[in-house]
C-alpha cells in the first residue's frame, strides 16, 4: 500500500467517526482542528463506534459529542466527569472520552475533576483551554490571566488563575499531557497516548477562541515565537528548545532555569524528562513553567500505572459473589426470622 | 510581670473567646484541643471579638463557630469558603476564619477550596482532617487511605485519597501548613503563623476521631514512633528528624530520600527548607512525603506574598470612584436620552 | 438449667395478671447503655411470641455526648399487641430509665400511672446534676403519679456476674440485660430467643456470653421473686397472616427492594450517593451486598451522585441515587437532565426536618412539592411515597417498574420515621415477586432514539449495541430523531409529551382504595409515613360510630385516576401532614376540593390520638 | 450639507403617504450584518421623534454560525406608534432581509401583503444554497403575496462609499446604514439623531464616519428618488408623559435598580454571580459601575455565588445574586440557608426555556413554582416578578425594600424576553426615589439575634459591632436567642413564624389593580412579561365591547390581600402563561377558583392577537 493509499484509508476511517450533524462552532474556532484529530486517532486506534462514548458538559467545546458518530452524552454544566464515571461503573468495557472546557472543567466542574482524577477510572479527559467562556460570550475563566479584561472584568480580572495541569497533579493524576489545537501532529500523538493509557488521562489542549479571546496562545503558535516559548517533552531526553535547539532547562535545586547550550554546558547538565517517575514532583515542576518566564512544556508530563477504579469496583463484586453468590432468598432471610403458622 | 502572671493573663484572655455554649463533641475528640489552641492564639494576637468571624460548613468540626465568642456562621455542607469570601468582600477589615473537615472541605467543598485558594483572600482556613466522616457516623472520606474499611466500604475503599496539602499547592496556595491536634504547642505556633499571614492560609490539622477512626494518626502522635514518622520544618534549616536527630532528607534529583547523618553525610547535604521559595515545587514535594515511606512534614510548608483578593477588589472600586464618582443622575443618563415636553 | 425453673403461668407469689390488647414499652439510657440492643431483643422476642410489633429508635443528635447528659440519651420504643399495629405507640405505658438524664428526657411521654422502672444506682449526685436535676426525683415525691420501681441494677448486675470472670467496666455493660430480663418477666416474654442470640453473638467469648445470660436471668428472677411487683401483664399473640417473617426498618426494606428489582431484571444495581442522615443506611446496606452485583459509588457530593446515576442509567444499569432533603435540593438541576434524556432511574429522598439543615435526625414530610416542582422549567417526574417501613420494599420495586416502563426518573419519598422505624415483614415468596422485563432495542437500521411507543415511551438503547449510536443531552431534542432542535413548535410538543407521559402512568397503577365507607361526612387523606396513625385513628373513630373514612396516597404524581372521585364523595376532606399543607395544596389545585390541612411540624410523627381528636373536632363530636 | 435637501412633506414624486397608528419593522441579516445596530438606531430615532417604542432583538443560538446560514441569522424588531405600546408587535409589517437566510428565517412572521425589502446582491447561488433554498425566491413568484422591493444594497453602498477612502470589507460593513436610510425615508424619520451618533461614535475615524454618513443618506435618497416606492408611511408622535427618557432593556433596568437601591441606603452593592444566558448582562453592567461601590464576584459556580451572597448579607452589604433557571436549581439548597438565617438579599432569576438546558436563549415563565417550592422543608421566601423591561427597575428597588424590611431573601423573576426587550424609560426624579433606611442595632447588652419586632422581623446585626457577637446557621434556632435548638415545639413555632413573616409582607404592598371594570364575565390574570400582551389584548377586546378585565401580579408570594376578592368578582378566570399552568395552579390551590390556563411554551412571548383570540373564545364570541 503506498503512503498515499494509506492516507486515503486513514481519512476514510476518520470519516467513519463523523456524525450526521454539521459542527456549529464559529468559523476559525480551534475546536474544529481538535475534532479532526480526535476522529483520526479513533481511526488509528481502531476504536469501535458502538463501544465508544463521548461525554461533555456545557460550553462551545462541550458540543463535541454531537459531531462524533459514537454514543454521546451532552450533559449539564460541569458534570461530564461524574456522568462518565457512572457510565464506566455500569459498563466498564466502554471506551469513554470526556470533552470539557476551562469553565466547564475547572470552574463549576473543578471538584469532579479532582475526584475523578484521584479515582483513576480509565477515561480520557480533554480540557479545551481557551482561557475564556466562549458559549456565554466572553467572560473570563479560571484560566484567564490576572488583569484580563473581559465582559465581566472591564477593569481587568483580579483572580489569580488556576493552571489545569498543576491542579491535576495536585490530585496526583496518572496521566497528564498538553498540546495545542493547531499543532495537529503533536495533538494526534498526545491524544493517542491518552487513549492508550489505562487510567484517567488528563489532556489540556490550548484552543484558540478567535471570537472572544483571539490569539491567546499566539506566543505558542506563531512561527516567529513558538520555538522559544514552547518546549517539547520526550521521555528520557533532556529539555532542549529554541529555534536552533541551543537552549535547555537546568535545575538549580528545585528551581528550573533556562541555560544556553555550549560554553561548558551540555545536554547532560540539563533536566532529563521522565514521564514514568513515580514521584510527581517533576511533573508538577514542569507544569509550573509558564510563559513568558519559561517555554511551556508540551507533551506527556506524566504517565504512570495505578489500578483503575472500575476494575477495583468489579474486583470486589466478583470477590463477594465468589464468596457467596447473591440469592434473593438469602437476602430476605438475613438476620432473625420467625414463622407464623 | 512574672511568667505565671503572664500565663494567668493569657488564659483569662483565651476564656474571653469562649461562647456561652458547651462544646458537644464526643469526649476525647481531637476537636477540643484545637478549640483550646485557637482561643489561645486569638488571645495572643489580640484579636477583637467583634471583628472576628468564624465560618464553617457541616460536620463535627464545623460545629466550631458555636464555641467561639466572636461572630459566627455555621453554613451548609461544603460552602464555608464561599460564605467567607462574601463576608470578606463586603467587609474586608474583618478577620475571617474558616473551619472545615476533610469531607466538608475536600469532598463536597473541594471546588471552593481550589478557587478560594487561587483568589487568595486574607482568611485562615483550618481543615480538621480525621480521615473520616464523623457527623454522619463513619463513612470513608476523600482522605481515607485506600483499602479503608468503613460503613460504606465494608470491603475496603477503592478510592485513592486526596492529600489536602498537595491539592492546595496544586492551586498555588500562598500559605500552607500542617499540625496535629495533640501537639498543642506546635499547633498554636502554626495557627499563629496562619493568622499573621496576609492571604489565604491553609492549615491541615491531623485530628483524631476517637469514635469512628480512632488512632488514625497514632504513628504521628505515639511517643514511641512520632520522632521517626514526623519531621518538623524550620525555615532555612535542613530537614533533620529522628529521636536522636540523626536522620535527614536529601534530594536525589527530584526524589527525596532518607539518609543517616554521619559517615560522610552532614546536614549540609540535606534538603534545606525554604518556606519563602517562590516556586512551590519544593512545598509540593514535601506534601508528597508520606507515612510510612517518609516522615511526614509538620509546620509551615510555604509562606509567600501575593496581593489579596479583597484589596484588589477595593482597589478597582476606589480607582473607579476616583476617576468618576458615582452619581445616580449620571447612571440614569447613560447612553442616549431624549426629552418629551 | 436454671431456665427450667421458669414457672410459666404458675406464679410463685400472689401476682395479679392483667391482659392487655397492646402496650408500649420504652427503654431509655445513656448512649453507652445498650438500649437499642435491649429494645431490638424484646422486639424480636415479641414477634416470635406472635405479637404484632412496631418500633422506633430515638438516637441522640450528638454522636457521643458526655455520659450522663441529656444530649446523650438514647431510647428505643416498642409497641406490641394482639392485633394489627401500625405505629410505635402514642404514649409510653412502661418506661425503663437507666439514669437521671434518661428519666428527665422521657418522663413526659409516660402515661399517668404508667410503670416506671429506674436504675437507682445511677441516681448519684453527679449524674443528677448532669441531667439538670437539683433534687433527687426519686426522693421528692415528684414521681408519685407513676408506678415507680427502684431497682439497684448496677449492684444486682455485679452480683449476677460475680462468678463469671467478667470484671470492671465490662460488667457495667451487662446492665441492659438485667433490665431486659426484668421487663421480660413483667410482660411474660420467653427468654429463649434472647438466650439463643447471646450464644450466637458471643459464641467466641464465653465469659461475656455467660455473664449476659446470667444477668438476663437475674433480671427475670428479680421480677419473679422480689416483692416489688404485684402486677404482671400478658399480651396475647396476634392473628397475623401465616408465613416467614423478619423485622425490617424502612431503609433496609428499601434497599432490599432495590436489589430485588435489579435481580429480577437481571441487571446490575448502581447506587450513587453521598452520605446524609437519615439516608446513609441505604448506602451501608447496599455496600454490604456486592454479591448481588450492587455497584455503590460514594460520590464527592450529591450532584456527582445524581449525574453518575444518570450516566449509569444511560449505560443500562438499574440506577438509583439516594439522599435527604438538602441533598435533594442539590440534585435538582441534574434531575432535569434525567427528565430531558428520558432515562429510567430512581431517586430516593428520605425526608428529614428542614428547611436547610433543620433538625437533621428528625422526621418530616415537607419535600413533597419540592419533588414535584423543585426544578427549572416544565420538568415532570413521577413521584411515589412509601407508607410504612415494609412498604418501602414494595415501593422500591414499583418505582423501578414505572421507571423502566415509562423511561422516566421516579422520585421515591420516604422519611426519617420510616427509615429508622421497623415492623415485621412477611418475607415474600419468590414466585409472588414481579418480574421486571427490560427490553433494549437490538441493532437496527435508522434507529431513532426518541421514537415513542403508544405510551409515549422512547426506547432504552444501550451503548455497546452496534448501529444504535446516538446522542442525548439537556438541550431540547427533536421528537423522534433526538437531534438538538430549537424550533418553537417542537419545544411545546416535547414539553407536553413529557408531561403526558407522566400522566399516562395513571393508567398503569391501581386505583386508590378507601379504608371505611365509600362516602360519608369526612375523608382523611394522607401520604407517606402518616399511614399508620391515620388508619388507626380512623378505625377507632369508626368504632365510635363516626362517619369517617381514610385513603392513603402512594402515588403523588401522577395521582390515581379516581382520586378526584373519591374526594368528592365526602362532605369534608382532612389532610394530616407533617408539614404546613403540601398535599392539601396539591389536592386543592388539582380537584378544587376544599381540602384542609392538619399540620404537625415538630420532627415527630403524629400520634393516633392527635388525629383521632382532630377527626372528632372536624365532625363536631 | 446634503441633508438640507430633505424635502419634508413636499414630495418630489407622486408618493402616497399613509398614516399609521403603529407599525412593526424587523431588520434581519447575518450576525455580521449589523442588524442590532440598525435596529437600535431606528429605535432611538423614533423615540426622539416622539413615538412610543418597544423592541426585541433575536440573537442566533450559536456564537458565530458560518456566514449566510440559517443558524447565523440575527434580527431586531421594532414596534413604534402614536399611542401606548406594550409589546414589540405581533406581526411584522415591514421586513428588511439582508440575505437569503434572513429571508427564509423571518418570512413567516411578515404579514400578508407586508413590505419586504431585500438586499438582492446577496441572493447569490452560494448564499441561496446555504440558506437551504433550491430556487431563488426572488424569481419564482413565491413572494407574490408581499410588496417586494429588490434593492442592490451591496452595489449602492459601494457606490456611496466610493470617494470616502474606505475600501474592501469595511465598505461591506456599511450596508446596514443603507438599509437604515431607506427605512428612514419609508417611515419619514429624521436623520439627525443617527448622524449625531455616527459622528460621536466614529469621531476618531473620520473615514468611517464619512462613509457611514454617506451610505445612510444614500439609502434615504434612494427611497426618495427611485420609482420603486409609491407609498410612504407616517407614524405621528404619541402622547407620552413629559420628562427625560432613555431606552432600557430589562437587564439594564434591573441593574440600575439594584445600584439605586444600594445607593439610596448608602450601602455597597454585592453581586455574586456565575455567567449564564440571559442573566449575564446584569453582571456585565454592574461590573462596569464599580464607581458606585459595586462589588461584583464572578463565582466558580452558582452555589458559590449564592453562599457568597449570604456571607455578604451577613456582613451588611446589599447582597444580590443573579442567574437563570438551571442556576436557580443549583442555588436551591443554599437559599434554604438564607431563609433559616433570615438575612436580606435579592435572588434574580432571569428565566429561560427549560427544562434542563432547554432552549437557553429563549424565553419562558416556567420557574414560578420552583421559586416558591423548590427547596427542602418548609422554606418560604418572598417572590416578585417584573412585568416590563422598565418595571425591572422598580421591582429591583421593591425587592430590596422588602428584603431589608422583612429580613428575608426575595426572589425576583424576570425572563429572557424582558431581559433583552427594551422600552423607553422615563428617568426618575431623584426626589421621587424611595429612600431605603436600614437600621442596624448598635452595641447593646444581652443582644438577642432572633428577637423579633411586631412584624416578626429580627434585627440585622453587623459583624464589627462590639457586643452583638452572635452565631447563625442552618440548624434550627431557638426563637429570640438564636441558639441551636432541637425542641419540637420551637421547630413548629419557627416554621410557622417564617411562613407568617412572609405572609405579613402582604400588609406592606399595594393592592392588586384591575385594568377595566371591577367585575364582569372574564378576568384575565397574568404575571411577569406577559403584561404587555395581556393588557393590550384586553383593551382591544373591551373596545369591541366584551366584558373582560385584566389584572397583573407582581407579587407572587405572598399575593396581595385582595387577589381572592378580585378573582371572585368575575364569572371566569383566564390565566395566560408561558408554561403549562403554574400561576393557575397557585390560584386554584389558594382561592379554590376555577382559574384555567392558556399556555404557550415555544420560547417566544404571546402575541396580542393570540390572547385576543383566546378571550373571544372564552366569551364565546
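Read from first to last, the chains carry the letters A, B, C and D; within each, the first residue is number 1.
Note that a contact is a pair of C-beta atoms (placed from the backbone, for glycine too) under 8 Å apart; a residue touches a chain by one contact, two chains touch by 3 or more.
As the structure is a computational prediction, the values presented were derived from the model and not from experiment.
> Which chain's C-alpha centroid is most distant from that of chain A?
Following the centroid criterion, the farthest chain would be C.
> I'd like to verify one number: the distance from the centre of chain A to the centre of chain C, where each centre is the average of its C-alpha atoms, in whole angstrom.
Centre separation, chain A to chain C: 46 Å.
> How big is the gap, in whole Å, between where the Cα atoms of chain A centre and where those of chain B centre?
Between these chains, centre-to-centre, one finds 30 Å.
> As a quick test, compute the distance in whole Å between the mean CA positions of chain C and chain D.
48
> Counting only residues that touch at least 2 other chains, which ones in chain B make the list?
Those would be 58, 76, 107-108, 110-111, 114-115, 142, 155, 159, 313, 316, 319-320.
> Which chain D residues reach two or more other chains?
290, 300-301, 326, 333, 336-337, 356-357, 473-475
> So what shape is it, when you link every pair of chains that touch: line, ring, star, complete or other?
complete
> Which of the residues in chain D end up touching chain A in this complex?
Touching chain A: residues 62-67, 71, 274-277, 280, 283-284, 287-288, 290, 296, 298, 300-302, 326, 356-357 of chain D.
> Can you tell me which positions in chain B touch chain C when the two form their complex?
Touch list, chain B to chain C: 24-27, 58, 60, 76-78, 107-108, 110, 133-137, 139-140, 142, 151-155, 159, 211.
> Of all residues in chain A, which touch chain C in the complex?
It comes out as residues 19, 21, 48-51, 53, 55, 58, 65-66, 69-76, 79, 82-91, 93-94, 111-112, 114-115, 313, 316-317, 319-321, 323-326, 328-329, 331-341.
> In their shared complex, at which residues does chain B touch chain A?
107-111, 114-115, 118-120, 142, 155-156, 158-163, 166-172, 251, 253-256, 277, 279-282, 284-285, 288, 306, 309, 312-313, 316, 319-320
> Quick one: in the complex, what on chain C touches chain A?
Those in contact with chain A are residues 44, 47-48, 50, 193, 197, 240-247, 256, 259-260, 263, 268, 270, 272, 289-295, 297, 299-301, 303-317, 319, 333-334, 336-337, 341, 427-428, 430, 433, 462-475, 483-484.
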